[in-house]
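In what follows, structures are represented as structure tokens.
After this come two complexes, each holding chain A, first together with chain B and then together with chain C.
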Partner chain A sequence: MNDADKFIIRKAILELAKTGTPRFTSIDDEVRNLYNINSKAINLWDFVTAIGAQLSRPPYDPYRETISLDISIGRKRSRKVILNIPLIIYGNIAIHYSSLESVHVALNRLAEKGNVLGLISEIEINTTKDNKRKYPLFKKVPFDINDGLEDYKKSHPEGLMLQYKDETSLKMLQNFRKEFDGPLLVDVSEVFPLYIKTILEEGADGIIVDTDKVTKNERYKGKHAIAVIHDAKKAINDYYKGREENDDDNAILVIAGDVNSAGKIVKAAALGANVVGYSTSMLIAHSNMYSEKPSDVSSIADNVYRHMVGTKGEIKGIPAALGYSDFHNLSPSDLRTSSIDASIQGDIPLEGIDRTYKEMIEQVVNEYVSEKGIKLNSSETQEVVRSIVRE
Partner chain B sequence: MPYSKDILELKRHLLRAAESSNSYFDLNKLIVDVRKVNDSEIPYSGLGARSPNDYFPSIKIIGSKLRTKEGDYTTYNNINTIFTLGGRYSSNIITSDVPFLVSGMSYGSLKLPAKIALHLALNRLAKEGIRVIMNTGEGGALPWELYGSEESWSDVSKKRHEYILSYTDRLLKEHHLDSIDRDNLFCRLYPLITQYASGRFWKDPSYLLNADGIEIKIGQGAKIGHGGLLPGPKVTDLVAENRGIPSYKAAHSPSRHLDILGPEDLVAKILELREITDWRTPIIVKVGCSRVYDDIEIILKSYADAASIDGFVGGTGAAPWELRDIIGINTIPSLKPSREAIENYYSTNERDEFRLIVHGSVWDSERIAKCIALGANGVGIGTGFLLSMGCTLVQDCYTNVCPAGLTGSYEKLDIQTSVNGIVNYVKGTLLELKNIAGSVGRKSIHDLRREDLVATDELTSMICGLPLVDGRTFKDPVKEIVKMVIDKRRCLKDHKVNKTLEDTSN
Partner chain C sequence: MCGICAVMMENRNKDFPIGCLLYKMMESQQIRAQDSTGVAIFNKETNKEFYKLDYFRKNNGKYNPVTEKVPPERLDKTFYELTQDPNIVITSFAKEMNLLKDIGLVRDLDAKYKIRSIQGTHGIGHLRIATSSRVTPDNAHPFSTIVMPDIAVVHNGEITNYSKLRSSLELQGYHLFTRCDSEVIAVFIADQLLRHGDLEKANYELIKKADGPFTYIVATSNSLALVRDKFGARKGIFGYNPGNRNYPPFWAMATDLSALDSVGATFYVETPQPGKPKIFYNEMKTRSIPN
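Take a look at the complex of A and B:
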């Protein structure tokens, strides 16, 4: 039920329980009269759900069976980095040094327990012999770096992250690829959806897309993170179209931005994300800066640690309930939506009819042209459908 | 679950931090985050998922009225509302005077006074001629539910008899309900369905043999694919004793029946239960709404008497919060594929007494009527009954703290007030149902048809296959747009051709 609806429901049923006599108006009439579903402040994520496993496909049991979350980052000749949780701490909030210290402690503790996740950071923690880094660091390289990568390689990061700004970034990417054999992730948020094919051809191991940034671009204005993830995955799939299948050549898609809960992580993964840039823990650590009584590194690290353990439990449980023993088997076909907008933006089937809104409209177009004896070829039909769904 | 002061402070900081973030945050999300930070556990919640669109308000019953003349509610007294269950394969048939039943809510999930209130209320209604079916939920049944008739004691050994009475005494004493009249308590006048779930929380065959119906629970709407869950603090000694499990340890049922992995296993299980009950007892199979068409198709071929589907918003005592809010589809969109599976099956098989029961986001007469018009034979209500007992919808059912005394803080619940609330809720809902059916010209609530409904928006029309308010289907406006687009294209094309001809002639 909606948070807003529930008080209407409660009031109506209490009235019935008090009197036992028929009411004048039903709950649905009151809901309909009070507000229009379409005018509510909405987030399309809430309209997207996943279809669980029941009789026709049995679920796995996360409490008794192994559910794999592992993901390997690195294509072809690149060194591989394995994450045990498909998350990289990365967000659009600048990391304060004291917060980074806490994250470092937390990520080390997580790694010790077999829960390796990554960190993308520009600054890094001063480590000592006793305080070595046990998790993969993807060092963020500024886009305007003029010198070589030597300074960035000093700390032996497992991977590098480059922010792609324009055509000049291509030269940098080519140089990076020559000099660095670890995974190279490229944040394309500022140029999205351009250059993805070129970037992958130049040997990038993964693409990072920050949905918050992209939805501020002119091209994606008014669109939701769902549309961004869908288009990013499509761009990667287009790159691989017609190429020989090779298990060792999987460029990953990292989605950051508006993916800040276990439910959204699963939805993003089903739409095509391989790894999620997760910043909520950073928010928790970051809260240290806002506190009237700043906590110490250790207690914030505890917060981040516990948060990540809880999140891991959640993201293991959901694919299991959908009938998968591997998180990375999630696909768009596992999703359904109760919103026309979400169906159009993410190409997600509508619940109950298992077809997308576009497919339903295409069916009506075909029915109409056949009734009227109009001849349309498939590209013309698609054009008519597109103009109706205002894609 | 209490949270430390630090955590509350952290929540405040999180809110401040969220304000400066571009990402979408809501309060629920922050609560989930803070809970994880507190104990590294998966955060739970009670009740049903938050669904931004459950379609019910977008469906109207043409010309229906909940209320007829002021002060006279007997205008449509003769409308048939009887609902029967069984008879497809079972020799017994359960008869209810209303087309809704009390959905499975177990002892453990609900505290004892709330369970007793439901028991006494259904008994009072039965005495007044309104039999309502109750489902025990998966956590076993209470002694007076299983041994509520003379014949149920006939095969009980002396030792067992003594144990049942001693357990009852301890139950009542712990909840300060010693004064309850045992004869009155050990009398069940309503039909009882016991749930056969993956946890098998019952200790002897009386759980199956003394029930009027058995429901094999494959899943439920609130936690599809997850299995039942009762958090440790709620597994008190007496709850544990009833379920045959250790005290104060979370009871996680397996996510699937370990012996039902596919259609053939379901057939084998149902035949096993048929043998145990001598083919007397109606058997229902309950699934959470996901691949409903396929699931109903399997149930139809499995010797079951009925299928029960539980929509996304269906309630629970405890479910992982994120899982509850992400998995499943709404009740209304599940009805069309369910009905299609049933119609397709009967296109090649002779019609029989198969029933479809629908749960999830159904809590009042209009919603019941809409479900029936869309193809359900009966509906299950859980949250509606809790609301009639005073539920405040704070969703803390997984803790031992409930402001209404239903799922925790049981001393707050006044049993007599709750009984009155339930009785009024059932009677009022029944009157409203009769008025709805009567006002649209039907003699029975089961005569309501899709033709009695209209959709108020395009999506609901598309998903339910209902006409829009103006009598057209969602296809008609789309076809008009197609015509406009094609005409515009033709004009542009003609214009282009004319322009080319002009250019050529020039």
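Take a look at the complex of A and C:
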């Protein structure tokens, strides 16, 4: 930060102190690129990169050393689901039976080769002895269901997925938790960021957040998916704060929505996602993009299979380059951004500075406060910082 | 490319100036690192009634060392007050441990604290060359923790997933004072010891969770553990000196063989297997190599 920036920030602090309100226009709106000329929020994913190997972090060799992608879903339940690739096929749009057939064939082939992925679906494929399901199914339960769990138990799903709409969903969650001992995932996109603590208290094994849905909410207007992931992880961490639980047994965060490429999967994982909900329609579109074959069940399944194997290789490569033997060791400190807004929304360090924008502002505030002999406690300091960065 | 070393006197011998052995070993490895230096020496005879807190008070870029003796009943209040002040970095919480560290060479540390004359049952030493955090006295090793007294760690290498480990410890409510990956080792081991009290199990747990190339030595009031990462990417070696009529027998650990040579610990020389901690207890009386 140069002297001119410091001067402007100090001026903002003085104004804030005098008037009690933050400046109407932040000094760095233009730098922050909040909106482009069409007033449309820009895609901050493009401003976030993973920092590779450096002096203090020699890389692993993914051809020689094992880079684990495994994730266990189920907290302390007796029945857990282990995914070998941290992906669950799940989309906003209900999956069509014919698409499901292709996905089923592809997931079975992947599972046979030790690449187990999950599937969240309301409908399911009619399995015979020959095409028995070999991957974990999370049966989607509609939010307005009045019946018991019996129907859902018939298909022997490994897990269940509930959609949380309002307080009535809580009763449903409590009932299902009593009757079902497998992993229970709860989609909170409609109510995000509320109720997460309550849902975890009631024994949910994971929270699903759809970034596309959440960013359309009034509360997240103008914010990007990275802010949603950051806040969702923070909410889960707040629940675990001060608890002595083994972090292997913690509830997982599933991020669905616009995370649909290997690069975004890695960035989402670094920001806090444990599993990515990979949109079904996007999966099929991706895998058929360059296909010249007619789209029958087996050719789509072939493409889905190849796409997933390729994605697995790509998402293993980045943690290896960062010096990790486990994909889930990724954290926000592995990312850098050239955008001040991305730094604020995702708490991501800025390129070349290795500190977040908030940390920089906090330092300037602390220096100014100490220089002028002003007494501010830490919560007041945070309030000033929040006002300046307009969080 | 830091340098680490440790000495464990046999038969709980506490009268030998162990600082002298650490000084020799550190001097022989000085070529590895020149940024900062530190030692932690344990002596059961010291300081029985009070806890000793060492900390740096930062003021205009200067680090002023402060030592405070705190009675057990005032410990919580003192910790609360000190951890609220962002300019305080607690470097040592001890009953039996004497932890001294600063920037500069080992001879500078000796000129300041006379480390060669410090007696004890066991001790560890460190020479630092900075890779991931700044060259300041608070980032020098050994690292201690306020989670439990008499834990010190010296470390050569990098914990690459330091951020993840750090945030999981902070979630549990632990306070970390620096951005150095080595502090995470001290807090992690202390947390594990609070859970089950087993130093070997604590180290296995860390090896399982930590990524990157590293060798570290953990010192507690009655033991030392020499640990290498699961791939054995960093060096670590130990040896035995059977003693003579002028000095008692002892085990020595270091990064380089030259350090063992410098104190004559050239018997039963071995390197720990990657991912398998070697634990030395100060009640060991035989010359058998510990499992």
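Everything that follows uses one rule, which is that the second predicted complex is superposed on the first by the 332 of 391 C-alpha atoms of A that agree within 3 Å, B and C clash if a C-alpha of one lies under 4 Å from a C-alpha of the other, contacts with A are read in each partner's own complex, and residues count from 1 in each chain.
We adopt the following convention: a residue touches a chain if its C-beta (ideal position, glycine included) is under 8 Å from a C-beta of that chain, and two chains touch if they have at least 3 such contacts.
Remember, it's a predicted structure, so these values are computed and weren't measured experimentally.
When the two complexes are overlaid on their common chain A, residue A:Val364 makes contact with chain B while staying clear of chain C. Of the two partner chains placed by the overlay, only chain C lies in contact with A:Lys241; chain B stays clear of it. Within the superposed three-chain model, A:Ser325 lies in touch with chain C and out of touch with chain B [touch as defined at top].
When the two structures are aligned on the shared chain, A:Gly313 is found in touch with chain B, with no touch to chain C. By the document's definition of touching, of the two partners only chain B reaches A:Arg10; chain C does not.
Of the two partner chains placed by the overlay, only chain B lies in contact with A:Thr49; chain C stays clear of it. In the superposition on chain A, contact is made by A:Tyr63 with chain B only, not with chain C. Of the two partner chains placed by superposition, only chain C is touched by A:Ser333; chain B is not. A simple residue count on chain A separates chain B from chain C, and the partner touching more is B.
On chain A, the surface touched by chain B in one complex and the surface touched by chain C in the other have residues 55-58, 60, 322-323 in common.
Listing the residues of chain C that touch chain A in their complex gives 84, 86, 131-132, 158, 160-161, 163-164, 167-168, 171-173, 195, 211-213, 231, 233. On the side of chain A, the complex with chain B involves touching residues 1-3, 6-7, 9-10, 12-14, 16-29, 31-32, 37-38, 40, 42-43, 45-47, 49-64, 92-93, 212, 257-258, 260-263, 266-267, 279-280, 283-284, 286-288, 290-291, 293, 295, 299, 303, 305-307, 309-311, 313-314, 317-318, 320-323, 336, 338-340, 350-354, 360-361, 364-365, 367-369, 374, 376, 380, 384, 387-388.
Of all the residues in chain A, the ones that touch chain C in their complex are 55-58, 60, 65, 237, 240-244, 247, 322-326, 328-334, 366, 378. In the complex of the two chains, the chain B residues touching chain A come out as 6, 9-10, 13-14, 16-18, 20-26, 28-29, 32-33, 35-43, 47-59, 66-68, 73, 218-219, 223-227, 252, 254-256, 261-263, 266, 285, 287-288, 290-291, 294-295, 298-299, 312-313, 320, 322-323, 325-330, 332-337, 361, 363-367, 383-384, 387-393, 420-425, 427-429, 431-432, 435, 456-459, 462-464, 475, 478-479, 481-483, 485-486, 489.
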